[in-house]
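As written, the chain order gives the labels A, B, C, D and E, with residue 1 at the start of each chain.
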Amino acid sequence: MTRKRRIYDGILNALTYLSSGIAVIILVMVLQFVFVRGWSGVNFDLLSKPYWSGNNTIEFPQFKTGAFDRPDHLGDDIAFSEKLGIGLSDGLDAYKEHQVVVEYLDPESPLHHGVVSTAGVDLGKELGLSEGSNIVNLMLKDTDDKIVNVGAQRKSTAEETVAAMDNISEMRKIYFKTEGGGINGSLKATLYLIGLSLVIALPIGIAAAIYLNEYAKANRVTNAMRSSIELLSGVPSIIFGLMGVSVLFPITQLMGIHTVSIILGALTMAVVLLPLIIRQTEESLKVVPIDLRYASLSLGATQTQTIFKVILPSALPGILTATLLSISRIIGESAALIYTMGTFIADRPRLDQGATTLAVQIWSLMSGEQPNFELSSTISIIILLIVLALNVSVKLISYRINKKWSVS
Amino acid sequence: MDSKHHLISEAYQRRKKGWDKFFKGLFWLAGFISAIFIILIIVFIVRKGIGPFLPSYPGGAYPIGKFLTGFQWRQDSAIYGVAFIVINTIISALGALLISFPISVLTALFITKIAPRSLSRIMTTIVELLAAIPSVVYGVFAAGVIVRWVDSLAAMAGFSTYGGNSLLAVSILLAIMVFPTMTSLAIVAINAVPRELVEGSLALGATTTQTNFRVVLTSAKSGIFAGLILGLGRAFGEATAVSMVAGNSMIGPTFNPFNITRTLTSTMLAGLKETQGLDYDIRFSVGIILMAVILVTNLGIHFVKDRIGRSMS
Amino acid sequence: MKTFEIKDLNLWYGDFHALKDIDMDIRNNKVSAFIGPSGCGKSTFLRVLNRMNDLIDGTKITGQVLFNGQEIYAPESDVVTLRTKVGMVFQKPNPFPMSVYDNVAYGLRVQGIKNKAVLNDTVEDSLKKAALWEEVKDRLSDNALQLSGGQQQRLCIARAIALSPEVILMDEPTSALDPIATGKIEELMESLKKDYTIAIVTLSMQQAARISDYTAFFLLGDLIEMGPTREVFHKPNDKRTEDYITGRFG
Amino acid sequence: STDTPAAEAPAETPDPVEEPAEGLSGEIHVYTRDATSGTREAFEGGIGFDKDEETLTASAVETSGNGDMASKVGNDVNGIGYVSLTTDFAANNLKPLNFEGVEPTIENVLSDDYSLKRPFSYVTRAAGDFESDEAEALTRAFIAFITESEEGLSAVDGAGGIVDLSSAKPWSEVAETVDGFDPATDYSGITLRTRGSTSVDKTLKAALEAFQAEVAFEFNMDHTGSGDGFKRVLGEEKDGANAGDIGFASRKFGDNETVSDGMLSGEYCQDAVVVVVESSNPLSEITQQQIHDIIVGQLTTWEEL
Amino acid sequence: MKTFEIKDLNLWYGDFHALKDIDMDIRNNKVSAFIGPSGCGKSTFLRVLNRMNDLIDGTKITGQVLFNGQEIYAPESDVVTLRTKVGMVFQKPNPFPMSVYDNVAYGLRVQGIKNKAVLNDTVEDSLKKAALWEEVKDRLSDNALQLSGGQQQRLCIARAIALSPEVILMDEPTSALDPIATGKIEELMESLKKDYTIAIVTLSMQQAARISDYTAFFLLGDLIEMGPTREVFHKPNDKRTEDYITGRFG
């Protein structure tokens, strides 16, 4: 091998290393960007917590103050009311808004014994404050018989709230929120959407790919079909979204759904996914040697039998990849879903109602008045973890199939 | 010879042929459904998008000539000229491909043919992860990181930028966003190259590197170009992230990479949700233009591909 | 008795005229060999007989092909049934990426036969006839792609035999086989022709001479001549046939 | 006071991109919102920009939202733009400018001294056009809650909306005056659907949650922009996929938006628009004339200021 | 003179012991033929000689393979240079998906030869030697995949010849060729062996007898015997060789 060739080879090789290096660096930078902002927020609670806080107002028919000792384990940043036996701290909610958080509540505290004053079925039921709640507004009469409002809504700090509590003569009512800011609802909605979209898109996409690759003769109709599908893959998501509300919405209306819904989102995503699935499946069908088709047909198998018994099994890893890509696409989509599923974060998503996926929740968080990088990044990390998990499991399945179906 | 034919039931034969017909119909139907959507979309956009240029349009027709040849897009003064946006869109998307295409193909080559198996698994996973990051996150990344690179680069070149919001930032962003698509299709294509070809080349005294570049890439051409087209589609179609760094200029075209720009999708998106009347409907006209641009560039790529195919022979 | 009667057959691949005005009869329970130089259309002609060319886009066929007196290219003709009666073995071994057993059982299964005993018997029987049984009897559930090229081809023959077709088309079936296996296959052909009709494309003149009853010589898409093998080899009617047969051989 | 609690916790202040110059020099980079934005309308109206006669400088950068504007101007030493008063200036590396010598504070807005401001408007569906009588009563009650009750107003106030708390009455009193509303009725199955402006998101969410603390009910906020507020309640999409009960706009409803068809309409709070520059910019004051000239492109460099 | 000296060679595919204790010399300017039943390891052995087995994962090799006295499996040995000196033609035709011309020019081009005239001459020359020139001279810029199987294989032979290697390894090179083309190739081998060393795997006993100077007989991974072709065919040392050679043949 001449020196020149070795150098030339070296340069070309260096180019591939460089390219992959760039790819890795970019990924690392994107990941670092996401992780630095979001990692601190990742915990299991977030996955199981609802997004919306419960809002409660409670009153205290028999209210007595007591004398409580500050427990030793409370940190310095926690203000403690000796009259009510409650420890408060300043915190930030999902919107980076200030909160007054209940960190500690003495078991004997009178604040355990409220009754609901919110109009509705729960009116009059017993309900007390609990640790983790957030005091939005607390109305009391102070020792001068003056009405005082404190709490997050009044921009009081924990310190100020405790000061007011320690000066209490009569408790009027407390408006508090339970913990919120979780992504449980969006997570569920995302999974519903993935499931439903795939159920619609995979059979159609795979069948269409089979038609194009196995049956279609090279004629004008087929060409038109092929170009149509190719063109479909170039349609921007935003157009898909608008198409969803105008073309597909009537279909869901026939099902008796009159709002945006996960079903509408899934129908729309199915259209988005079709070209991707078709292309990917076709690629993997093309790899199946033509000889196998001949062999099967010459044994008196129908084309359908050939497809199901010989071709599809060989193309299975490719189809799995298509599925994986589809899932990634669904998880990452926002523009099309904003229109078809809405932007309301539902804690108990239903197929016939609107909800947000994780990505749309990010979009909502980022396009609001005060972009929330931290929570967005946290959600992104969770998305990445989901995708990673899927990726690994699809790989494992593919590997097992490959082992069964071919030598290499 | 004992024939097995007596074992074959007539009924099964009929059933099997029935199924064959049924499935063929089903497959055709699936293809038809998949293809029909583009028509629905086109009909839907065209119906809305042609409207503003018809005399019957409430408030009077907008002159189509001005729309197609205009070099200003000012919703505030109701001037809608799309020509410069088309140019900007094409420049930014081609810029993105210029950056991304070689990197994607070479990365795919690295993953499939060069890297040791464990590294290549990791790299594949990386590529797939990149594909799964929501575009909003890329937009945020671009608005937070890429614009700074561009800004410092511009400062070195002696330009002042709008905080890094620029044509170059858009192209870099799009390059990152289309990278996973193009790479994974290139990987599929390269993996499909028959082993005998590789052996044939090596046996002729080609080095592995020469084999990779001359035989593997050539044989994988059609799959690689499929990825290119898909990537281009994504580059044209991306809206949310792009509008975060494009700067959305009102005049153009933009040739200076450090200047702000405007793309067709960011135009369609800007304030879409809050608007109505002509300003709303004309976005569908932009949609038609966008589809046309995508179509024409696809044809262009096919042409180039054929040329490359021929010039290699 | 004629199994196939071909009249005035022409075949085009797009613009390429691959078969020209072919008239031929293929006789019952005989072995017909097709010989001729590479690219002359032997494989193409063989594939006409079970309509395998249907699968190639842009193929155009004119003329008549009668199988047991029935036009196989007629619109109402049933190509699937045709292929169960006209089996085929290809030039390159093409086993399915399944187990050895499943490969052989495939043809029966797609006919709806599920009976285990029948399947087991047929698989064993066919593999024995294809001279492969001894080598694979302990590897029936291994992937067929793990066999060597020659083993793969014999598997394909077994697979075709399993269906007990009326006619077996073979496209250079032994070109990937060693002499011993070739011998066994030739023996098998000998025994098969008692009940079946065989059409074989071969590149080996000796093979044609040894096993066939009739020989057809093709050249550049034309059927130069066809007749009893002995006549074609010993007193060919056409100068070109003679040149070819007496030329240097493999 | 204007110092919002979030101002205390700027997680990470972006570094200024370039070293601040002593008297800033060079081209002024104008940032604006898209033409349909309510904030932009309020801003242009407030600086005496005549839409029909004048045009915005062609070199302006269009941003897609308040947050986008904030981060972009905060990243550009030469930038000037405008954001809502609720914006976290410090976190975005921004400096708010006094307008016509008046500091942008809630007090100054309420006292009308500060003139760059806009209303948050609402309109409900037409009377009788609700999904149920309960929904209609609940809608009335909620509107009364955010416009009259102390609980409602302080919730809006807490979320950064500018409201006059002086005339507020306790909800228990206000509730009695609402037609058809009965606190004893169970509203927990009713969903209030709010639509329209994204700018009202924060204040409205606070108000809805506070209302939930008083009356058990469900709400569904699906906000995409001011233009949809009317459309989805009274306009062409009022029976479509995204129909709503109350529509909001971060501006006055337009002439072609016939809010008089609605059961109720009005304004529930105000928002001020603040002219901002990057924090290292030495500028601290701006006059109406100056910002006007910058916007129309007559003033193009910092030296001229 | 010995071009290759193989000592105590063993080869495993994973756990499968494919070549067992092979000792063999391959002589300069002679044709060595490897015969044996399917799956006996002929192809595997051939691929040892240009280190083509390197590409198969899980292959393990022990022993010595000397080429012109140099150990080709030594760490410092340059496999690329080795392969330019040891050309190869495969069992299945494997033309590159390029034009006919580019296929033949490929080997030269990867050596850095760009001179048009040299390329043109070599392409024409090689195609002529491979008995393909007449058929493709007007189709040089057509894609090679459009040729028939036999044409493709001859193209692959032309491609190998174009590099004028010292040794040419051929794995059943004529199994897809018709007699005329086979004859030409055999003629070509005859003329090549004046300057080159040829190792050929063949399934045709006649071919081995006709063209080779030395014949090696493999069975189940063992080298049963190797010697001058006449001796191996007329008085083999081993009973198994005799059985194989006198058995039924192709």
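Note that in this section a residue touches a chain if its C-beta (ideal position, glycine included) is under 8 Å from a C-beta of that chain, and two chains touch if they have at least 3 such contacts.
Keep in mind it's a predicted model, so treat the numbers as computed, not measured.
Engineer: Any chance you could name the chains that touch chain C and chain D both?
Structural biologist: Touches both chain C and chain D: A, B.
Engineer: Can you identify which chains form the pair with the largest number of contacting C-beta pairs?
Structural biologist: By contact count, the leading interface is A-B.
Engineer: Farthest chain from chain E, comparing Cα centres?
Structural biologist: D
Engineer: What whole-number Å value describes the gap between the mean CA coordinates of chain B and chain C?
Structural biologist: Inter-chain centre distance comes to 48 Å.
Engineer: Calculate how many whole Å lie between the centre of chain D and the centre of chain E, each centre taken as the average of the chain's C-alpha atoms.
Structural biologist: Here the centre of chain E sits 81 Å away from the centre of chain D.
Engineer: Can you give the whole-Å distance between the Cα centres of chain A and chain D?
Structural biologist: 28
Engineer: Please work out the Cα centroid separation of chain A and chain C, and write it as a whole number of Å.
Structural biologist: 59
Engineer: By residue number and range, which residues of chain A touch two or more other chains?
Structural biologist: 1, 5, 302, 305, 366, 371, 373
Engineer: Quick check: what residues of chain C touch more than one other chain, meaning two or more?
Structural biologist: 80-81, 84, 92, 110-111, 163
Engineer: Counting only residues that touch at least two other chains, what does the list for chain B look like?
Structural biologist: Correct list: 16-17, 20, 144, 207, 210, 269.
Engineer: Dump the list of chain pairs that touch, please.
Structural biologist: A-B, A-C, A-D, A-E, B-C, B-D, B-E, C-E
Engineer: Quick check on the complex: what are the chain C residues that touch chain A?
Structural biologist: For chain C paired with chain A, touching residues are 50, 52, 55, 57-58, 80-81, 83-84, 87-88, 90, 92, 94-98, 106-107, 109-111, 143, 145-146, 156, 159-160, 163.
Engineer: Residue numbers of chain D touching chain A in their complex, please.
Structural biologist: Those in contact with chain A are residues 1, 4-6, 9, 11, 64-68, 71, 84, 86-88, 151, 154-155, 157-159, 183-188, 198-199, 201-202, 206, 209-210, 212-217, 220-224, 239-243.
Engineer: Name, in rising order, each residue of chain B that touches chain D in their complex.
Structural biologist: 72, 74-77, 143-144, 147-148, 151, 155, 160-165, 243-244, 247-251, 260, 269-271, 273-276, 279
Engineer: Considering the complex alone, what residue numbers of chain B touch chain E?
Structural biologist: 194-207, 210, 214-215, 218-219, 312-313
Engineer: Along chain A, where are the residues that touch chain E in the complex?
Structural biologist: 1-2, 4-5
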